[in-house]
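Next come two complexes, and both contain chain A; in the first it sits with chain B, in the second with chain C.
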Partner chain A sequence: MMLARPWLPDALLRPPAVLLLPFADWLNAFSDYLQNDLQLTIFTRAIADVVQFILDVVNNFLLGGRKGLGLPAVPWLTVAALAGLLGYFLGGTRLALLSGGTFTYLALFGQWKLAMQTLALVFVSAPAAVLIGLLLGIAAQRKRWLEVSIAPLLNIAQSLPHFSYLLPVVIFFGVGHHAGAIATIIFATPPMIRMTLLGLKRIQPEIIEAGRTSGCSPRQRLWLVEVPSARQEIMVGINQVIMQCLAMVVIASFIGAPGLGYKLLLLLQSLRIGDAIEIGVSIVLIAIMLDRLTLAWAYRVPEYHGDERFLVRHKYLLGAIALAAVSIAIAALEPYFYFIPRREGLSTGFLWDPIVDWITLNLFDPLQVFRHFVALYILIPVRDLYQWAPFSAVMLLYTGLGWCIGGRTCALLIFSFLGFIALSGWWDRAMITAYMITVAVSVCIVLGLTLGIWASRSPSRAKRALLLCDTFQTFPSFIYLIPVIMLFQVNDLSAIAAVTIYAMIPAVRYTIEGLRNVPVPLQEAVTSAGANRLQRLVQLELPLALPHIMVGINQTVMFSLFMVVIAAFIGTQDLGQEMMRALSFNDLGKGLVLGFCVAFLGLTIDQLVSHWERRRKRELGLAE
Partner chain B sequence: MLSKTIKTFTALVAMSALGATGAFAQESDDPIIIPTHNWNSQIVMSHVVGKLLERAGYNVEYTPTDSQAVYESVRLGDVTLELEVWEGAFGQSFNAALKKGGIVDVGDHNAVTREDWWYPAYMEELCPGLPDWQALNRCASQFATPETSPKGRFLAGPVDWLKHDQERVDALGMDFIVVNAGSASALWAELESASKRRAPIVLFNWTPNFIEAVYEGKFIEFPEYGKGCKDDPAWGPNKEETHDCGNPANGYLKKAAWDGMEAKWPGAYRILEKLSFTNPQIAKMAALVDVDELEPEEAADVWLDENEQVWKSWLQ
Partner chain C sequence: MDGKTSGVIRCESLWKIYGPDPGGIFRKHDGAPSDEALKESGHIAAVNNISLEISRGEMLVVMGLSGSGKSTLVRCLSRLVESTAGRVEMDGQDLFALDEKELIELWRHKMGMVFQHFALLPHKTVLENVAFPLQMQGITPDVRRAKALEMIELVGLSGRENYFPRELSGGQQQRVGIARSLAVDPGIWFLDEPFSALDPLIRREMQDEFLRLQEMLKKSIVFITHDFDEALRLADRIAILYHGKVEQIGTPEEIVMNPATDYVARFTSEVPRARVLTVGSFVVAGEGDGVEPVAKDTPIASILRRIVLSPDARIPVVEDNGRHLGVIDRNALLDALFG
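And then the complex of A and B:
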């Protein structure tokens, strides 16, 4: 069909106008109906007030002030000391240093207030998301129809860009701290549902049987037998919720959440990159600290000390009380340990700015040649190809691929995903998005695999590389945008570069994990058969790790779709750009339709990759 | 009723002048919610006004909000007022909200706004004859990049700012291609990078803006804006096209409020009506943060200390 393009009727080149369906108008009409006829806003605003009140209480505890319970704030020294003790309790000295150190950093660098506003948001959103996710997960495990209907919704929800959640939240819940919290809850709940469901389904039937024979009521069986047995998965779910909450920190500030994210955008706006990087470091530290704390909690084996003396049994509790008392006393004597205002805080901002200056001054011209070459010989041709391809041919190609890899259902799903994009009238924009992520993902695969293979060659290198992955994943991606523009100017290359930096993380991570998990006996067998290291890598390790690496590439596609929307801040002409516009003009329907287009692009790839991966694993005998 | 309010109000001002922040039961205790956006002059101005309202006994809260979406929030009463309605950037959203109802026009600031093509000062050496637009057009090739070559590249603001740059380029027959940045940050990042290397750049800018305090530069002088330029083809140098002119050199900067504000906080509404800032005052607010690196709240305090004679009359 590509070859026959000149003879194809127009209707097969571009989706014909008569076929386009006004999805956006339907969604807007539906939203108006919910708002005006059903008066749903009365209900949602009541929820908003409750969330706001809880936020006020948490905020009050962390920062003081008139609202909430009207108590004075807890000194930073106390928070840091208690966090350190908690870290010690859960994971020993290293974790104690990490958690105590994080809070000390936040205080010394004068970011206490901002960080506490952000933490308040996490402390409210994360438990809410965990609770809702847990309950929905349990319900889905109980009721087959719920599980069946919730699965596709979860898929879509997890591939919708963050920005699509914002407008519905603004319309039904208003703007402000609470709106940021609600958007975060909505965004963070799906992984919790998924992990709860997974955990409950993995329980051995014998355990449930044992619960039944020991005379539990259904409710007791659920909370005393099943949920504790699924503990590991549930804990991983909680961990994912926390990471999702921190990923929303910057985006939530678009609808009124104060804190680190809002400050970060402001600093970028006035080009204070050094200060922005400091805020980024704070967000990374908070994320890594919460991540390690929850993981330590998840893998902690419960201890039972029924017969110890009171003092020994409650040593941590008593220690906490003592630490709190001492630190509050110190803070009362010396205000520096109570609160450090921004101006008295340390700053490394002056260090970063010369670095950024040096890069723009010295790297710009050498990169000019590279930039011209890439733009003229790679980007513009690929872009033209994507724009030139008849939509019918693209749909046919992917549906056919789906058929070959995953069979009829897979083909049908892909056909409807792409069909939606075609009928929504955003085909051309979607192809620009597709072109950008194709280029970015290709670069990610080449660089990510290379880095991953290199890092996986030694355990310590792998560990350091994974820590770097964690860091970059939680480092707010908005910060990359500015230096990238300074080097590449406002154009597609900048956007693609920014997407590549962010989307490479899963490619590296999964390659390392996949290669490190190749069974050692197999490796030894091949080595003793006389294979050298390169042969072993190419003929044993890579093929065995490939299914896992493909999961990573699938994630890379998802990451790049999220980031391509954020790259609209550089200036693009794709779906992301239109989504920003919809957000500016409060066009809920358009924003959601664009969100679905992005999600369906991702899900098309997801269908292909996950079917392929499952088949491949079966062939390799890695799964039943 | 009104005179009573004014009376209590004068009493209150007297009280706050004595340093007592007494309870003020006449008006609503609910907080007045002031939206803050992502540029510093607006944030400092919001805190200046917020602090004035606090001195008058009101509860004030700030909430970060998108500068276009805010008009919907004002309309619904989620935020109480908006201090910077720019004619060029937000006129359309504001008018749309006015039409839907729920928002009121509370008058103009003394300051005027201008939004147009702009270049950093060193460009005058590279391209003689600036700020004239025809001189700029003669140097178009200096601004070329691989994507736009042989034409020059004009870095415009985000598409949703609706500036009609492309129409202007067409109407005036200019050898430029319009490239839209995605955010104000993207504009500044390019300006920063270009001016460090003294590379040619012409981009969208506006005043009052902190950029004035950091980089010297000028607006391009296009054929002067006049009524009819944007919708009457016969107007201006090109008789067949519209948009053959620059943007107005003195656009309004308005204040807007939720239509329930006057009934709920009548005294605060009076203050909002009276207050008005000038271009230099706004530039100073921005510079306190962008140049002196104060926090917006601190900048507001500094500004209030230095300009007591300006705001004193607004509270009476």
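And then the complex of A and C:
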């Protein structure tokens, strides 16, 4: 069909206009119906008020002010001291230093207010998301029909870009503080449902039977046997929720959620890189701290303290009270330990600004050459190819691939995913997104595999690399824009670069894991057959690890879709840019349709890769 | 022991069919689907028309290869899974007629169960695990603590009541499982391969311990194992399962000496006879010649030495109450062993 392009009728080249379905109008009509006819807004605004009130209380606690309960704020010294104690309780000295240090940094560098606004949103959204997710997860485990109907929703929810969550929230809940919290709750709930369900399903049947024969009523069985037995997964779920919350809170700055994200957005828009880096460091520190604290909590094993003396048994509680009292007293005497406003805080700006200046001055020309070269010989040709390919051919190609790899349902799903995009009228934009992703993912695969293989050659190196991956993955994606804008300013290449950095993490991680998990007896067998290291890698390790690596590449695709939409912020012409526009015009229908387009691009690749990976694992006898 | 813990189980024509439509296939064949009919329609009868009775204080050992339906049978008897058809009576009470509340009451008071992989609650200490069934009944903390400590002492774990399961060896974990199942003083005790996950030395030790407990407690027991040696050491009676059917049920001696089917014969062919046969099977009339008498249910392995060392002695056999029965028939005995 590609070759026959000149002779194809126009209708097979671009989706013909008569066929386009006004999905967006339908969605808008539907939302109007919900708002006006069903008066749903009364209901949603009520929720908004409740959320706003809770936010005010938390904010009041952290920042003072007249809203909420009207109490004075807690001094930063107290927060830092208590966080340090919590860190010590959960993970010893290092964690204590990390959590206490993070808060001290935030205070000393005058970012206390912004950071507390961000954290207040996290502290309100995370528990709500955890609770909703836990209950839904439990319900899904009880009721088969619920599980069946929730599973595809979860899949879509996971591949919808962050932005798609913002619009409906704006429409139904308004903009501002509470909207940020609500968008975050909705965004962060799916992983909790998933992990709860997973944990409950993994319980040994014998444990449940033991509960029943011990005479548990259904409720006792749930709360005393099943939920505690699934503790590990549930705790990992909580960790994911908190990390998702942080990522989303930063992005929710687009709908007026205050805090570090909002500030970062303003700074990036006015290209004040030095200050942006400072904010970025704060966000990164908070991310690492929250991640380490919750993980330490998740992997804590129960210990017995029943027969210790009162003082020893409650040492942490008593310590906390003492620390709070002392630090509040200090703060009362010396206002510096109470609150440090922005202008009195330290600043690293003097450090960053020269660096940024130096880069613009000295690297501008070489980077410019590089940029032109890449654009001319890679980006533009690929982009033209995608724009040029008839849509019918692309659909046929992917549906056919789906048929070969995953059979009929897979082909059907892919056909309807791509069909939706074609009929929505956003095919051209979607192809721009697809081209950026193709380039980014290709770079990710090449670099990611290389890095992964290199790192996996020694166990200690692999371990360190995985730790690094973990750390990088906790950063909210927004952060990755900072260095990219610093180097490339604003264009397609910088968007692709940002996507590449962010999306490479899973490629590296899964390559390392796949290669390290090749069974030792097999490695020994191949080595004793006289293979050298390269032969062993090519003949044994890569083929065996490939299915696992493909899981990583699948995630790379998902990550890059998320990032490409965020990168729209630095000026691209794909779906993401349209989405920003929809957001600023409160066009719900359009925004959602665009979101689905992005999700369906991702799900198409996901279908192909996951079917292939499962089949291959079965063939290799690696399936569970 | 009081009435609530008397403990007699009976089941009649019990069926448990797995597959797409167990009830349908069962009715279609008027309650007696043949093996072929089941196989053709993609069903498996994990329990295939089983009737048996366990009397009070008796230990029935259920044996069979992997997949023969042992676990499913106990789960039907305890109603952990719903049977497809049939009837189970516990002390005269129809088990399948109970509603959920009554069933929970039954589990709370009448049954104890021990599992192959221990199934301890990982977030609770030994003491809390053992006290768990009591907690479910709403018994006050002091009372359940005292009772649980008593159970822990009984299984020989005193001093470890504040350990968590992860800090115990396999054998110790199973002791906790046993203590937990005994905490409510049930009349009926189900054990699903309780010692299979333990290594041989510990297994042996646990069997001895178990016999000691049963000596004291006299529960009605359904004990599952796939280890014939274990069955011989413990059983009053053995039921041999094959593809969900009871091939034979009887005392160890009956099963070894008179196998009902080829399968049972093959199954038992490796069993050393001397361990199963008892003196009572080889008695002829006559007076002993003054040597020490033996009880009639002594396994012959333990008197073989006497018989071989003093070939001419006439060893008297007596009943449990001391009544004289006759003397050992040496020839018949040696024939049975070596002939």
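Definition applied: the second predicted complex is superposed on the first by the 572 of 624 C-alpha atoms of A that agree within 3 Å, B and C clash if a C-alpha of one lies under 4 Å from a C-alpha of the other, contacts with A are read in each partner's own complex, and residues count from 1 in each chain.
Just so it is clear, a residue touches a chain if its C-beta (ideal position, glycine included) is under 8 Å from a C-beta of that chain, and two chains touch if they have at least 3 such contacts.
The structure presented is a predicted model; accordingly, all values stated were derived computationally and were not measured.
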Contacts of A:Leu95 with chain B and chain C, given as first, second, both or neither: neither
Touched partner set for A:Val443, first chain B, second chain C, both or neither: neither
Which superposed partner A:Leu418 touches (first chain B, second chain C, both, neither): neither
Partner chain in contact with A:Ile405 - chain B first, chain C second, else both or neither: neither
Partner chain in contact with A:Ala128 - chain B first, chain C second, else both or neither: neither
When both partners are placed on the shared chain, which of chain B and chain C touches more of chain A: B
Partner chain in contact with A:Met486 - chain B first, chain C second, else both or neither: first
Overlap of the chain B and chain C footprints on chain A, listed as residue numbers: none
Touching residues (chain side chain A, partner chain C) in the complex: 204, 206-207, 209-210, 212-217, 220, 224-225, 228-229, 231, 301-302, 304, 306-307
For the chain A and chain B complex, residues of the former touching the latter: 170-171, 174-177, 253-258, 262, 265-266, 268-272, 342-343, 357, 360-361, 364-365, 371-372, 375-376, 380, 481-483, 485-487, 489-491, 567-572, 577, 580-581, 583-586
Contact set on chain B toward chain A in their complex: 33, 35, 38-40, 43, 62-66, 68-70, 72-73, 76, 78-79, 93, 145-147, 155, 158-160, 179-186, 188-190, 192-193, 196-197, 210, 289-290, 293-295, 298
For the chain C and chain A complex, residues of the former touching the latter: 75, 78, 80, 104-105, 107-109, 111-113, 115-123, 125, 132-133, 135-137, 162-164, 166, 177, 180-181, 184, 190
